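The chains carry the letters A, B, C and D, assigned in the order they are written, with residues numbered from 1 in each.
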Amino acid sequence: MSEPIRVAVLGASGRMGATTVRAVQEAGGLELVAAIDAGDDLRAVTDAAAQVAVDFTVPSATEQNVHTLVDAGVHAVVGTTGWDDASLGRVRDHLLRAPGVGVLVAPNFALGAVLAMSFARQAARWFESVEVVELHHPDKVDAPSGTARHTAQGVAAARAAAGLGPVPDATTHTLDGARGADVDGVRVHAVRLRGLVAHEEILLGNPGELLTIRTDSFDRVSFMPGVLLGIRQIAGRPGLTVGLEHLLELHG
Amino acid sequence: MSEPIRVAVLGASGRMGATTVRAVQEAGGLELVAAIDAGDDLRAVTDAAAQVAVDFTVPSATEQNVHTLVDAGVHAVVGTTGWDDASLGRVRDHLLRAPGVGVLVAPNFALGAVLAMSFARQAARWFESVEVVELHHPDKVDAPSGTARHTAQGVAAARAAAGLGPVPDATTHTLDGARGADVDGVRVHAVRLRGLVAHEEILLGNPGELLTIRTDSFDRVSFMPGVLLGIRQIAGRPGLTVGLEHLLELHG
Amino acid sequence: MSEPIRVAVLGASGRMGATTVRAVQEAGGLELVAAIDAGDDLRAVTDAAAQVAVDFTVPSATEQNVHTLVDAGVHAVVGTTGWDDASLGRVRDHLLRAPGVGVLVAPNFALGAVLAMSFARQAARWFESVEVVELHHPDKVDAPSGTARHTAQGVAAARAAAGLGPVPDATTHTLDGARGADVDGVRVHAVRLRGLVAHEEILLGNPGELLTIRTDSFDRVSFMPGVLLGIRQIAGRPGLTVGLEHLLELHG
Amino acid sequence: MSEPIRVAVLGASGRMGATTVRAVQEAGGLELVAAIDAGDDLRAVTDAAAQVAVDFTVPSATEQNVHTLVDAGVHAVVGTTGWDDASLGRVRDHLLRAPGVGVLVAPNFALGAVLAMSFARQAARWFESVEVVELHHPDKVDAPSGTARHTAQGVAAARAAAGLGPVPDATTHTLDGARGADVDGVRVHAVRLRGLVAHEEILLGNPGELLTIRTDSFDRVSFMPGVLLGIRQIAGRPGLTVGLEHLLELHG
């Protein structure tokens, strides 16, 4: 039996942080050694000899947290939003000077959603048509969801890389909005309905044939298998990894 | 064994007319006595002693056809589009002077679609949220479909009659078109995909609960059970009937 | 503004009872006047001058509770399971001697599920084929669910009443169980999957056309609109009512 | 502009063969040079200087056809059923003595179905639960379908390779058949419904999350993109290839 991995959680009293604390405590092979909140000193991470730190803090804090962790030789698994190409680039550069340290930045830890996005990209080049329908509770303020937008962009990029032209659409008479939002040429529809949580459907069509990929997320516990996977693998993946899909060993 | 019903088909060489001709020939209890095309004399209907005539002609001819049939005492089953309140009113008035003659004008003969619309209206008052998604082949020129628009209007009317307010929707940041078209306050989304034929989904939501009603139409043979039902029942329903749903004996 | 309806809840510390207590407290036009548990004296209901009592107790207690309530002139809304034709018959007889008192016994208070079952019965006679698929979490011990079984029985009865024969099925080579369970000639399939809660799909098919009715229940709060509807209407429905569907004013 | 690939079709008057003949004639970059039926001499293939031959004949003829084609240095794309490990082994051995010749044997040319199977295998290791539902027209004689059986086997193998145990299932009271057929520990349900053609759903579940992969096939034209892909790529893939998935460049 190997030693358990020593884990710190940053943002431990937030909703995702608290769920992560429980998941780490219940998981085999992991030991929670620090639970840190806004205002706490990050030195608690090294004081506790944590090997991996999970960051579910806030966009304004997360990059500085990661630089501090890298300087301390602590691997990082980051689920906080707000990362852009510039901030990712600074961490990538920093890691060149910290060989052996790994950082995973993942915009989405839901395995189903990450797999669906990968499958949509794999399938996109083989189909004439594609559209995305996302469905959420009616208290959501943005439409379409970031995940749906990201999915449509990935699908559009895969079509472009394969040399596909625009999707067929003969619509000439339309009621405003009926055909959805245009994301890089892929139509995205946002349904809002009491009773729903977070759902996405990617529809691909050829003559005589459809392929549909759907994910349904009902609870933030659905993110935990992805977070635990990141914790377990990040020590073996030095440098910067962006996106959980790289840990999933996907192949035909 | 009773005598078969003697049936004439108007517009017999069109796609719906030809399908009807075959369906009448294959159905038990019906006899095809006349198949009439554009340019043919309608007197062929009475010459053949038809009891019921099915009209799948063109919007410019259908109302005059019906008046001629009513004058001849022939019941009519009409699937041609183009009827409005004025033309329906003229036929209703005409039928007051032709007691015993029945006319059915039905914008949709697909049993599944007609039932779905009825169920959506029955359910609408019991749910906080409702949206409509219709999905068709990409050669369709209008979006949303007439059926989806009609469904949304029916649902909106049922909500209004029950005193329900607007559906909940907290969207403040949106990409143009993402939330669909607004039909009387009900959002309608139109998906266009190679491989699809004609499909509609009505989604109703309450806290913790969803109800989904979906129809898939693959072929115009799906209209034939509705057409045959109309032929068999119209002699027993004098006056004007608008909509196949009145023949379906729907109840809780 | 009329006086609120005075409501007692029996079985108030059980899961459904506690959810009902909260729902009554939050609902407009209702006042919670008594919350009673196993062992408590039912006289608390009349002492509190309750007009309607909701019973979510246990099969061994529910019928006696109802007789006591009827004797006291208190209307009853009953969600406890375990009622059979004999116990319903005794309550029906009792109510003949208590004019003006109403009792609703409902095996299912989920509006979506009750509507789905009604729609399936309305549609059944118009389709050649029908099957039921129910999907639940993998901790459920019975398969298929009582709701699915009840749905299949209702559909089978509607087909029989319309003179329909058996559904078409050419299967000659089958792996044991592949075609599901046979409930009065209707095939029922039970899916068990981590992440699911309680879901049911009724599929109806004709040449070239499908109609699908689906319900998804995620939480027992989904029963509350049905319970509140019962509380509000039962005073106006003297005698015994079995099934929430009779309160839903369903029609074409 | 390169020279078109010269294509022969064997079994050209069968349903799949005739569809292939039309697809080759309409496709860019391909030239139909021979259409051969049962009883015709295979020398017509070489007489016409075909580079690739498509075999949609019958199980009793297909292996001998392939050996003849390999001897003649003609690449083969085979969609006929009836191949087993022994016949595949004999072709593999034969190809060792015919360097540069390629043979593709594919049990399924529907891109959607092939992709769905690949995605299900990729996803299987990440989910606690999985089941398969296939839906077909009621004239089908076997249940479950070969595709569904094959999908379940692939999923079961992927779970085993990842060290997953049996799927959770607490069922103790069941009506015979309700839980479907057991294929290597994966439950498979077969729905038969008038109006359906060929459909498959793979459902994967984790706490709080579902992933669903669905394919709908309406017409055998849906096989043509896969057949054309095989024709275009087989010259570049010497030796034996079993399964279209190897040509699809799948990756995360």
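Throughout what follows, contacts are C-beta pairs under 8 Å (C-beta built on N, C-alpha and C of every residue); 3 or more make two chains touch, one makes a residue touch a chain.
Composition by chain, UniProt nomenclature: A, B, C, D = 4-hydroxy-tetrahydrodipicolinate reductase.
Keep in mind that this is a model prediction, so the values were computed, not measured.
S.K.: Between A-C and A-D, which chain pair shares more contacting C-beta pairs?
M.R.: When A-D is set beside A-C, the one with more contacts is A-D.
S.K.: Shared numbers divided by all numbers used: is that above or below half for chain A and chain B, i.e. same or different?
M.R.: same
S.K.: Taking CA centroids for every chain, report which one is farthest away from chain D.
M.R.: So the farthest one, by centre of C-alpha atoms, is C.
S.K.: Can you give the whole-Å distance between the Cα centres of chain A and chain C?
M.R.: Using C-alpha averages as centres, the distance is 41 Å.
S.K.: Cα centroid separation between chain A and chain B, in whole Å?
M.R.: Taking the average C-alpha coordinate of chain A and of chain B, the gap between them is 46 Å.
S.K.: How many angstrom lie between the centres of chain A and chain D, each centre taken as the mean Cα position?
M.R.: That pair's centroid distance is 33 Å.
S.K.: By residue number and range, which residues of chain B touch two or more other chains?
M.R.: Only 127, 195, 204, 206-210, 216, 218, 222 qualify.
S.K.: Which positions of chain B touch chain C when the two form their complex?
M.R.: Listed in rising order, the residues of chain B that touch chain C are 110-112, 115-116, 118-119, 122-123, 126-127, 204, 206-222, 224-225, 245-246, 248, 250-252.
S.K.: For chain C, which residues are in contact with chain D within the complex?
M.R.: Touch residues, chain C against chain D: 127-131, 133, 135, 138-144, 149, 167-183, 187-196, 203-210.
S.K.: Write out the stretch or stretches of chain B touching chain D in their complex.
M.R.: The touching residues are 195, 197, 216, 218, 222.
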